[in-house]
Structure formats: C-alpha cells, structure tokens
C-alpha cells in the first residue's frame, strides 16, 4: 500500500500544518537547538485505530535514520488515553508534522470506529460503504478505506476500493431509472452493457411499490438478477423490517428465493439492530451517513522526554508511558 | 479564488465518485441517450452554505456551453429542504459529478454551520480556527476555510489562510516551551526570530500557574506582548470564566491592561456562551473540535425534469421547485 | 331522539346495576324508609359532557312526578368536580339507577372529550369516526354518537349515524379490492352499483404505490371521483405529511385538483397536529382508536341532602353545591 | 353459555357495522361474486384473549355449513401479531360481521388483560370487579365478564355474574348509611333483611374514623360479620397500607381476628403491588377503573387467500400464517 | 439583643474553631507578625442573611478599637458571591474566629432562606416554626430565630421566642390527649389550667375523625376555642386541601365560623403552594423539617489586602470587592 | 464520656423544648395525673444512630429510679421505622424532654449517616472532618463527633476531637501563607513553632501551581514533611483525579515517595467515588459540607402504653413494638 498513502507535497511542506510549528522549527534553527525528543500520541476516546499506515509512510519519509518509532497496528482496538504512537528523534525533523499525524489518525479512526459499531450491530450481515457523498472528494477514498478498516466488506468509489483492495460496488442510481422511464428497462440496459462480472442489483423504489417492482425485475432478469435494493425515502417512511419481510415473502412465493435484498437509506447501528432484532431477512446493508457523520476522535501529542530526561507540561505525567502493546516499527520497510 | 478551488484529476476522472454513476454514463452512451435534465440539490437541514464556489468551479470546467446553473451564494443561510443549486444540461456531461458536488457542499456546510453557532454565541468576540489537527491534511485547509465562511476571523494553517484570504495565526506550542525549559525564554526567543508582523502571544499554562506566568511574560516583553493564551488542559479543570477574570484582574493591577487574553481548549458554542454570560473578559477564542466534529449536512440531488417534462422518483414532487433566492450563474466568469 | 335513547329492560330491572343498590332498595322497603334525597353527580376530570340526553330519558321514565332534576346540556364543556346533574326525589324511586347514570356519562364523555381534542388539533379539517371496530357492537353506535358530540362530522356505522342525525360514510374496504383484484376495477364496480348519493372515495394503498393508484382511479372515474383515501399500514411507514403533499402535487399536475384526499390509519390528535403543522393538504381525517381507546371519565354520585337537611359522607361537603350553569329539566317533555 | 352470548338483531343486520361492508356485500351480489376466502384475525398487542366465545356464537349463526373456523381458546394468552382466528368461507356470508368480530374481541381483551395485570400484582389475594359504573350499561355485564376471564373471582352486577357463572357481590353503599344515619344501624338493618347467604361486609368510612367504626361494627355483629370494607376517598388520602395494618391490629387486639378487610377506591395494579410489598393484610380488593379504563387491544382482519390462492394487501404477507396453537372449531356444537 | 447573642466561652477560646487558626495565631506571635488585614466574607449562594447580629456581637467583643467592619443587615437578601461582611483589623485579633463567623452565618442563613421560601409560597398565611425536634437543643432556639428572620410569625420554644421577641406558640400534644383519654377532656383541662392569654387550639386527629372531633371541641368550648389543628399522620394520608375545606364547611354549617384551622405535618413550600392553589381555607401553617432540613449556605472568608496591599490566593481576585450595599458598623454600639 | 455530654441548663429547664410539653406537665400536675407510660422512638429513615449516649446521659439525670429504658447502641445501623429507644416511666418525669431527645438524635444521626456514605465510598482511604465552618459553633463539636461516629478518623476542632477521643488535625490555612508571602516560608515557620507531634502538611495551591509548590516544600522540609494538601478552588476547576496522579508522579520522580497527598474542597461521596474509580493515589480526604449539609433524620416519639395498657393515636398501632435488637440500659452506670 505504500503508493496509496504516499505523503503529498502540501503535507511535506507544512502548508496544512498549524503555523506555529513552522515558527518553532525556525526558532530552533536560529537558536541552534535540535534535541532528541520523545513524543507520545494518544486518543482521548476508545475505538478502532485507523490511519497509522499513512502516518508511518509519512514518518518513513521524513525521519532521520536514528529515529525510533513504536506504534499500534492499523485496525486494532485502542483504549481511551492509550499511547498508540511513540516517536523518538531529533525534534526539528518532525516538528511540523504533528498536525498531519494527529489529523490523519483523528478523522479516520472516528470513521472506522463508527463503522465498527454498525458491523457489531449487523451480527454477520455484510455492510457496504455508501458515504462518499457526504465528504469532500479529497477524502472520499479515505472515508471508504476507514469504513473497511472498521469491518465493512465493500464500498462504492474506485478510490476507496483501491485503498481497501476490493472492487467497487454499485447498483443503479434513481437517475438512470428516471431517464429510462421504467425500472425494468433500466435493469435490462444495465444487463446489456455492464460487464458480466458486476452483480445485477435492481433499485426498486423509484416509480412503483417496492414489492411489485421487485417481482417485475425478478421475472424479467431471471437467474441473472443478483438482488434488489430497497431505498425507500424518509418521505415514504423509510425501509422498515416489515417491508423486507414482505418483499422476501412475495419473492419466495414467486420462486425467486435466490434474489438477495439490500437495504439502504438512513441506516445506522441502531436501525441495523432493529432489523436484526425483528428478524428481517436482509442480505446486505448500504451505510453512508452513520459513518461519514462520525466526529473525529481527538488525538493528542505530548513531548514526554527531552534527551532522555522526563518532562511534561502541567496536566501530564513526565516520562514515557508504559504500553506493552506497542510494536517497534521498521521504518526501512515502510521506506522501501 | 479560481485557482484555489480548481478541480483535481481524481474528481474529474470520477475516481472519487460512486461507481454507479460511471456505469450510468456508460449505459447512456451505449444506448445513445443524453437528454437535457434538470437536477436540483437541497440540504436536509438548515445552516450556512459552504462549498458552492468550489462546486461552480467544477461545473464551469465540465458543463457544455448550453448548461444553465442557478445557485445560492457561498456563505448564505439556507433553510431545510431549500433548493441551493439547479443544473439544467445534457445529463451525460455531469452525471459522474453528483457525488463530488454533494460531498463538497455537505462537509463544508456542516463545518461552516457549526462555526456560525460559535460566532453567534460569542457576541462579537473574535474566533480563530484551531481545528486542523482533527481532520485529514487533505481537507485541513477546507475545514479552516469553512470556519471562516461561518464567521471565524482567522485560522492556524497556511493552506486555510490562503483560501480565506488571511494571514495564518499562531502562538507558541507547548513543545517549544518544553524545549526552551521556560515560558519566558520561549517568548523571548520567539520575539528574537519571528517577523515583527506576527503578534507575540504567550502560551501560559505549560509549567507554572497561568496567572503567575502571565505576569512574568508581561513584565519581560513589555509593550511588545500582544496577549497571552490560556489553554489549561482537562486534567486541570480547563479554562474557567473565573480564571479569565482573575488573570485579567492581576494583569490590570500590574499595569498590563493592554495585554489581551486568548482562550482555547475544548471550547464550543455552549462554553463560549458561559464565558459571555459570566462576563469573562475574553479577547479571542481558539476553537477546534467544535467545528471539526460537526457532522456533514446531508445534501440530496434529484432529477426533477427531463427534456423539460416534470419527473421525480417516489417521495419527491415532480418538476422544478420555486426558489426566488436562486441566482443565475455566469459560468463563463467562473471559467475565466 | 327519544326513541334512540329509550332505556332498555336490563337497565330498568337493575340487572346491570351494582347489586348493593337492589339490596338497599329491599332494606329501605322493609324498614319503610323512602326519604326525599338530593343526589349530585360530578366528574373527576374536565371535558365534554356526553350521555345526558340518555340519562334524562331514563329519569323521565322512572322518577315520580314530584322528582326535580337539574342538569348541564349534552355536549357542553364541564370542569373537574363541577356538578353536572342534581336529582331530588324519593330515594327508592331511583336508587338502583346510579350505576347506569354514571356509566352512561362516564364512557361517552370520555369518548367525546377525546374526539374534541382531535377536532381542536385539526383546525377546521373535518374528521369522520372510524372506531366501531374497537368496541363491542352493543356500544358501537354510542361511540360514534359521542365522537360527533365531540365535533366529528360523520361516522361509519348506520347505528351511530342515526343517533347523530347524519348519513353513514364509507369508502371501499381493502377486502373488495382484493376480491376484485384491482383498485380500478373495484371503484368501477362501486360506481356501477352504489347509489349516486354516496361519494366515490377510492382506497389507494392495496396493491400499488399510493400516488400511482391515485392517478389511475382519477383517470378512470374522472369527474365522478370525490376523493382518494390514504391508509398506508404501519408496516409501510404509515401515511406521512410528505406522502399527502406528493399525491396532491401529482394529482394537480395531472389536472385532478378537485379530487380530495382523506387520511386514515393510526391518526390521533398528535399526528393530526403534525399534518397541520407541516401544511399537508388533507381534506378529511378518519379517526378510530384515538377516540375508542379514551378511558372513561370517572363520575361520582353523592347524596348531599336528606329531606332537605345537608349531609355527606366523610371527604365530601354536606349540602347542595352551587352551580349556576345547571338548568332545570322539564321531565314531562322528555317523557312525551 | 350459548344463550348468554346470542347475537342481537342489530349485529345480525349490520346496523352496527362499518357501512362499507354492506356496500361490498351489495356490489358482490350485483357482480355475482362470492369466492371462498380465508380471513385471519390478529391482535396488535399481547394479552388475554376475551370475546372468542361470543364471536364463535355469531359465526355459528351466520356461516354456511361449509365454513371452517380455527381459533384460540377464550381466556388464553395471545402474543402480539399472533393469529387468533381464521375463517374460511364464502365471503358474502360473513363480510358484514368483520366490525362486530373485531369489536367484541378488542374491547373485552383490553379489559381482561388489564384485569390480569391486577391479578398478577395481587399474588393470590382475590379481586372483585367494581367497574360497572364507568361503562355504558349495555356493556356493563361484558366488562365484568372480561374481568373474570382475566382472573377476578367475582363482580358486582347480576348481568356480569350470570355471564361469569358466579353470584354477585355487594356490601352496603354509602347511601344506605347516610339514610340510616349510622354505620352500625345500617349493617344491623342489612343483617335483618338480606338473605343469610350473603356475606355481611360493613363499609366503615362514611361518618367516623375507619378504625373506630370497624371496632363498633365488630362489637355489634359479632360472629356474623364477614368483613369490613375500607374505601377512604381521595379527599382523605385514600386507603393506605398503614391504615390496613392499623385496622387489622386494632381488630385483633379486640379479639376480632376473623373479620376480613376488603380494600377499594382507586385501586390498580401498581397500588396493589404497593399493598403486597408493604405486607398490608388485605383479604380482598375491589377494582374498578383500572379495568374499565383499559384501552381496547386493536385487532386486525386480513384476507390472506381467495379460493385457496394466497393474496394480501401491501404491508401484509400473502397466504395463511402458521399457528399450531389454533384449534379447529366445531360450529355445530356452538349452534346446538 | 446583645445579651441574647453574647459570645460563649468555647467560641472565645477557639475550642470550636478549626485548630489551624490557633496554630496560625501561635506562629504569628512567635514570628512577631500582626499585619492589618482586610478579610471579606461572601456566600456561595443567594438567600436571606441570618446570623449577622451574632457575628457583630462577637466582633465587638474581640476586635481592637481600630478595627473596621462593614456589613449587610440581618435579614436582608444577599446575592451569590456578594460580600456580606468586610473586616479590617490586626489579624491576630480575629484569626481564630473565622470558623465561628462562617458557621453562625452559614447554618442560620440556610434556615432563614428555607423559611422565606415557605413564606413566599404562603402568600400571606402566617407560619409558625415547629422544627426544634429536628435539631440539637443547643441550636433549637437559633433555628426558630432564623425561621422568624425568614418571615415566620412565631415559634414553639421559649428559647427561640426570646430571640425573636415573641411569645411561644403551642397547642396540645397527642400525648396529653392519649393520657386524658379523649380530645374534649384534654382541651377542657387545658382551658382550666393554662393562662387565659394562651390561645386554645385543639389537636383533632388523635382518636377520631378530624371533622367529627373538630365539631365536638367547638361545641364544648364555644367562644373560647381559638382554633383546631389538623396534623393527620402520613400513615393516614396527611392533611389534604380537601380535608381543610371539609372541616371548614362542617364548622361553618354548625355556626363555628370563628374557629381557625391550623395545618401541620410534613408541610413544605411545595405543599403550601398546593393548599394555596386549591384555595384551602388555612389560617396558619406549622412548619418544621422544611426549615430544619435546609442545608447550610456555604460562606467563604478571603484575605483580600494586607497592610492595604491587595492580595489573594489563586482563584480569587486581589483587593477589596466593591459593594455599595455594605454599611459601616459602629461596634461601640454593639459593645454597649 | 459522661462529662462531655452532660445535659445543660436550658435543656433541663425545658427552655429549648416545644412549649406545649411544659403546659402538659402543668396540666397533669394540676389534674394530679402521672401515669407510667411507655414511649417509643423510631426514625423515619435508615442510617447510623448517633446521639444516644447524650440522650441516655439526659435520661439518667431526669428519670426516677423506677424508670426503665431500652436502646440501640450509639453508632449502630438502624432501619427505617425501627424502634431505637423505649422509655417506661411516670410521664411527668420526662414529658418536657421529648423535643431534646428527638433533636439530639435527629441532627447527629443525619450527620453520622452522611459521613458513613463517604466512608463507604472511600474504600479504606481515611477521611477527616472539616465541616465546623458550616454550622453554628454551639454544635460544631457535635458535628465532628457525629462524623467520627460515622467512620471519619479525625476532625479539625478541639471541641470535636475531645468528644471523639482524638487529637485535632490541621494543616496551614491560606491566610498564613498569604501573610508569610510564600508557601515555603509558611511551612518553615510552622515547623519552627508547632509541636513536633503535629504532622507537617503543606497547603500547596495558594500562590503557584500545585505540582510546582509540592516539589518546593518537599525539597525544603525533606523527611519532616508528612504530606501536602490539594485544595484547588472551584474557580480553578477543583482538585481532579488527574491532578493527584500528576502530583504523585512528580513527587515520586523527585524521590519524595513518602510525602502523602490530602485532598479537600467540595469533596462528597460521589466525588470520592470518582477518585477511587480512577485510581487517584489519595492518602486522605478532608470532607466538610457533604456531612454538614445532611438533613436531619426525622425521629418520632409515640406513647404506646399507659399503665401497661396498649394505646396509640390514629395512624399508629397500639402497644409495644417488638425489637430484639434493643438492649436494656443500666441508667445507674450512666449516672455514675
């Protein structure tokens, strides 16, 4: 994954960093100061750690040979206040990257943790990330990557799919159906022109009743139909567990037991729990804003030692914090 | 601002878009369909619109000449369900940009709206964005830009400052003080090496009591000290209104009435309201996670007409939605 | 209305009364006691008084000539603890009717008061009673009568309609549509066979999407269609304000502005308020369980004077309670 | 019980039914339609089923020979959404009875379920129904019958007692005591004139302190006194557990250990639980509004098959619902 | 009031003071330190100030001539954080009295403030303090004094009455009635032996129903009866507004309009509000635990200047706090 | 402890008693009544019994020889409504002491019970009473005594210490430090002049940061320093668990492992629980208002027998209440 997470120019230049770090670097240079410091990074809340791979790629690029780094693994669970990263190196070599390191971890761990809550609730039903439309395209891929670090099995954008090592998932947008004028025509066109490797999944709430439309596409596409997607809008009461049960029953009664049901539209961990509790036969969920609206998990970086001597600002305990879960990182690997 | 928000390659290629839009584009091409459609975009919640400048820069790049665009202004207030953007153009020319358009607006409007809530609470006390450390560096600048669209007067990163047309703000990090070993030595070094155009603001909670340290730096720097920043950590009970009052009183009693007090550390609209209500003499706030943790505001794009004929999916009302606040956009301007 | 509320045999015989009243009557006869007593009846809660017409019909039948009765009017508002009825007569003549008098008032005033809360919420939109299916058929008519005393404009059963002096309202049950196999066929059959004086109202949620079906019946029946009824079940998210707006818009766009929209299914005062607040263009509501599930309003009868001398049990104040709103009743009128 | 629950004329005529069923019957006749349909009835909530005996008596009267009926037993527990009744018969023969069937079950199951909650709370202490005064006399007997189906051991009206197969219970009303002028005189008169088979129970809160009065009647009636009833009104703080304990202690100290204590007045499951938890020595409760104010349990009837073919309206699953607890009913028995 | 609040030996000796003040006095003496300090006292909460008279009596006794004292008035309202007392004097002369000064104000202001809340609720109905039984006899008088500072018109103990300048109030305890064996006998004995200046108030809930007993004592004592006291215990549902209304009505109907009704037993501001709101004709309340259970209002003493130079500990603002409501105290008056 | 709790003149004279007891005594004398009565005392709530020693000292002084007393032990747990004291004696000998007996038990049991809740929360960490400043000096000693009965290990006033049989505890007040101008100078002066038997505990939040000051005093006093006290005011966010951890760590890193940490300032059972739960290394707590603000526990005295015959007022059960936990008291011991 080295290439995927290669640091970009504006990160390396400090353009996206809080400016006081650049000023600190300047002052230290002018004062001829460059002590070896130990900096520790911890999260204020617990969750799933995400972004460490990218952080290590950055450190591999900027840290001098003698720098030493200890870290938790990408995708691992972390406790509140647990140290997840410890850097010991001449401070001028990494002072301007604190903002980036914290930001990479904060936002993606927030997303991964929210995704993991959905995965827990789904009790084995697979979930696909549909959240790109809620975040800036510059981080749409990272959002979907984080969702997969948190346990989702797929995502909708090529950018995210590449980072997660999967193929992007997609059904048919309402737009195509509106343009074709009929759901059955749209799925037939899809079937004509899209590679056979892509699953045929019909969106069935555009024009007609979902159950009626499900039967129509199942009759038309026969064996080739992989599944239907229910995405009833809030204005129509959203997808309910009973709707899934009814569509399942009507499909089964017509002999379409093999057609799967995908559910989307305002799905979060709580609503997933409701579908599971009521025994709604969902084959996959599509989840967007439950992940994209997760707040970042605040990470903090503290200098805990200077030239081996314990220090700390008021409110923190001087010296290295013991954490046997930390693993020493071979940066040369990351560099290669 | 054209250059600042110029669309990037992976947006233009659809790499960050939901893949079903690329498939729709493929199917339409193969079916030789390319109707002129009218698509409307609205937010599900009210707030401050942010990202429209960037969206229009994208549309200027991709829409054919005949495309027509109506939009609300960047930074304007928007109501829930109000149409903020209406595009009428051959659908194949913009089908793959729906994800990007929604994402640009959603995340940045979320941030701008949260910033605006802080600005409202502050009743005229200026606020500076300190939130870059909670988001991925790829959007750190956008976050700070959005905070300024929402009413903040400054920010900490060069990237954000450039988009907002301001100079980045920065005091001194705890790290420099730890390395210099004393707050007074750190502010003196800052004063020696940093351009005189930058305000001297001392961070005063690193080693000693905030009031004591404020008096020490005020005595040392004299007229050159612009202000002090209180950033007491949660472990020490955070900055309280009473602390601000006390530092103010002690500075005044020592003749340092001109030294300003900047407050940061876990500040949000509610806590700003508390400082204001209790009459704490704060000169500026630094706000981070209150903005960066704001959830995106969900935007939806609906096709409402095809070749002039009203259509809509179930749950929506066919046809153009009247909104006299929309202003017709001259894309050629945006293009130049 | 005399015939409608004529007392029945089991009431007159005391069969439905608490048995201790019959025993009291026996003891008084054996002890040769029959003082003139004044009994007052009051409700423990406020609301709309309903059942008084029936109570007076009973008293007209059983009270001797010298009996004197004061009462509030049927359908009037009553306050908590306000005396609504005062009877002065030889006690043996009415001792066994206390249970019936209280029960007639309690249950029907409970229903009327609940109906009135819906009427208040509806701000002028008419409401029809659909609640017969929640109560025993022996009181189904009384339920609907009480709902109309509370302000409903119509009801579904002939029994209730007769007491309320209206014509019963009815659309088409789901059953007929299921049997005919299609909503359009059902409304056409209805139109063929049912008297032209009955409004044609199509139930439009049986097989297909409500909006689609509304358009189909409007196209078919043309000017003859009075309205459509939306009754989406809980399993499908119930009728929402947005559904009403959408159906209205789609009907209007197709030129069916004159087709009315009736909304039913789990409607109560709170949900009526939601429809009104959101501006949903509802032409009439059908309300059932919001009325039928109203608890009775507890009424109490107290002897307050015996042979003109004030008395009362512990907890009550002896003597007649002043209430200038009471009106003296001419029982001979009721008798005729 | 056949005679007790024999259907009445206005039910048989459809006078108390929603009018659209009569219209459906008319349309079907005119269209010459009379398919064999299967209708299922289920409750939306769980509870104690009551009214089935009456429903079956109605079906026995109206269904043709070939009709087939499956049902749960009167008084059994039912789960939410469980099918409690399944009818398969030519639809015209029972279409107009849906309203009555649902209403009979809804109101009485609501009452029986509320009664059962009191019985559960009472942990073996017997309860008698005192609720006739809160409902219309036309259903007073049904209310008391339902309370006994829910576990009460007795009731106050002859009508209810007949349906429940018991003797009606009654003490002395406050009215008799007020007329006799003294509690002791009243109980003596009761003892003189009322059949020896009826228990002597003195109401002891009319004129004097309950404890004082209890001792007076115990001294007077001696062995003949079965018990006392405490009915302290709300104005005097209602009966409390401590009052029961005190009356018990004072009776015992005077040698009247055999005199029982009956408690009434605003008693519901919660207050029963309080008496039990505090160890108050209550021998029987009288309960009224806790049962009579119970809302009906909503029942729904769905056509699930027509001529053996599964059907259903939107929101329901076509075809017969499996329920092994249903028992096939021999209508000829009910008919005899 | 000088004698009443004369300081006692163990206060003057410091025996009841926190020992570190005595040690401070010792250290100052040994170090030959005795600066003139200004100490300010403020309450952390708002309320009615009580105890200042006693504090000033203490200061008059211990402060040297040159001491200067500013104070708010006894019984005045005070705001949270408002300075209520400012002492400027050589510190050794009053260092050991800080505990006593704070304690005197804290506990009594707490009581007075709670009393005032009851007075506010009573809207002019007089209240008498009955709380001595909840506090140690050493402060029983102070409790009743504080209640009167808070607005009560009388109290039950001679000690409290002396401080408040009133005559102690008292009816008859249940004990006397139990010993006499009858309420009427007890009030007659009271009338025989107690000075005619003391109001005859009969306690009427000991043996019989309150209304019955009220009539008995009114008949017996005639014009000499000042009033009755209702004190129904919690076991019997406490005194209710309806009981007061009923007793009033029954007394009036028997011609005893002049007999007053006093209500006691678990009365607090909330229940007083209920009696007032319901229009219960109460002539006086007896209140105990609502005052005695009030928590002390925490007072703090801060040294704000030493030899005229502003000082303060961390968290407080150095120097004198402006409060124009403070009045300079002439200690020589207090001394005389 | 006899001398400590010797009854005072105003208690013996009845000056602090409700005046109706003195009047009862007068009436009984004039009527020549003096029956032997049995009076029982119980608390309305559960808790730790405190004050019984003082009550028994009072009874030993006033009861005639033939009086018999049964009681629970000082400091024992008591249940709600459990009889804690039973007196059998001629009533005139103790009638005027009921107010004092109840008050002594009520207020002190309230305090002891609140103290015990803190002790439970502290799980073995010792607690010292600091509450004298919230109560009147006349009961300051009793407050501290009660806190120790509830489990505290020490207190701050000589008066309380004497009753509890301990030495008073005290550190240094902020006042001394303000006057000496420096925390280190103050602790040095303390060390020079205060007996070596008194622990040296430095208060470390007056002028500088608590951690910094802790290190300064530890360096200065060396082995002689027993501990430091953290008392950060509310204006500065109070003492937090993290502050304790940090001070502990900084002291340990500097080799001062033996210096203890005492925590005070707004400490109650809930906050103690927080310190314990977070593992803050607190060596002792100082607790004030959590005890002093505890409401009295209401005690009631009932006459239950007269000359051996069971009696009781309405609401209570006549006769002696069995309680095997009561122990017969040898008053002659208490007298000696």
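Each chain gets a letter, A, B, C, D, E and F, in the order it is written, and its residues are counted from 1.
The definition used in the following text is that contacts are C-beta pairs under 8 Å (C-beta built on N, C-alpha and C of every residue); 3 or more make two chains touch, one makes a residue touch a chain.
Predicted model, so just to flag it, every value in this text is computed and none were measured.
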Determine the shortest chain-contact distance, in steps, between chain D and chain E.
1
Averaging over Cα atoms per chain, report the distance between chain C and chain E in Å.
58
Contacts with 2+ other chains: residues of chain F:
207-209, 232, 234-236, 242-243, 246, 314-316
All pairs of touching chains, please: list them by chain label.
A-B, A-C, A-D, A-F, B-C, B-E, B-F, C-D, C-E, D-E, D-F, E-F
Across the complex, what residues on chain C touch chain E?
310, 314-319
Interface residues, chain E side, partner chain C - complex
209, 211, 242-243, 245-246, 249-250, 253
Looking at the complex, which residues from chain A come into contact with chain B?
8, 10-11, 14-24, 26-28, 30-31, 33, 35, 37, 51, 91, 95, 98-100, 102-104, 106-108, 130, 132-142, 156-159, 161, 168-180, 189-190, 192-194, 198, 205-208, 232-236, 289, 292-296, 298-299, 303, 306, 311-316
For chain F, which residues count as touching chain B in their complex?
207-209, 212, 232, 234-238, 240, 242-243, 246
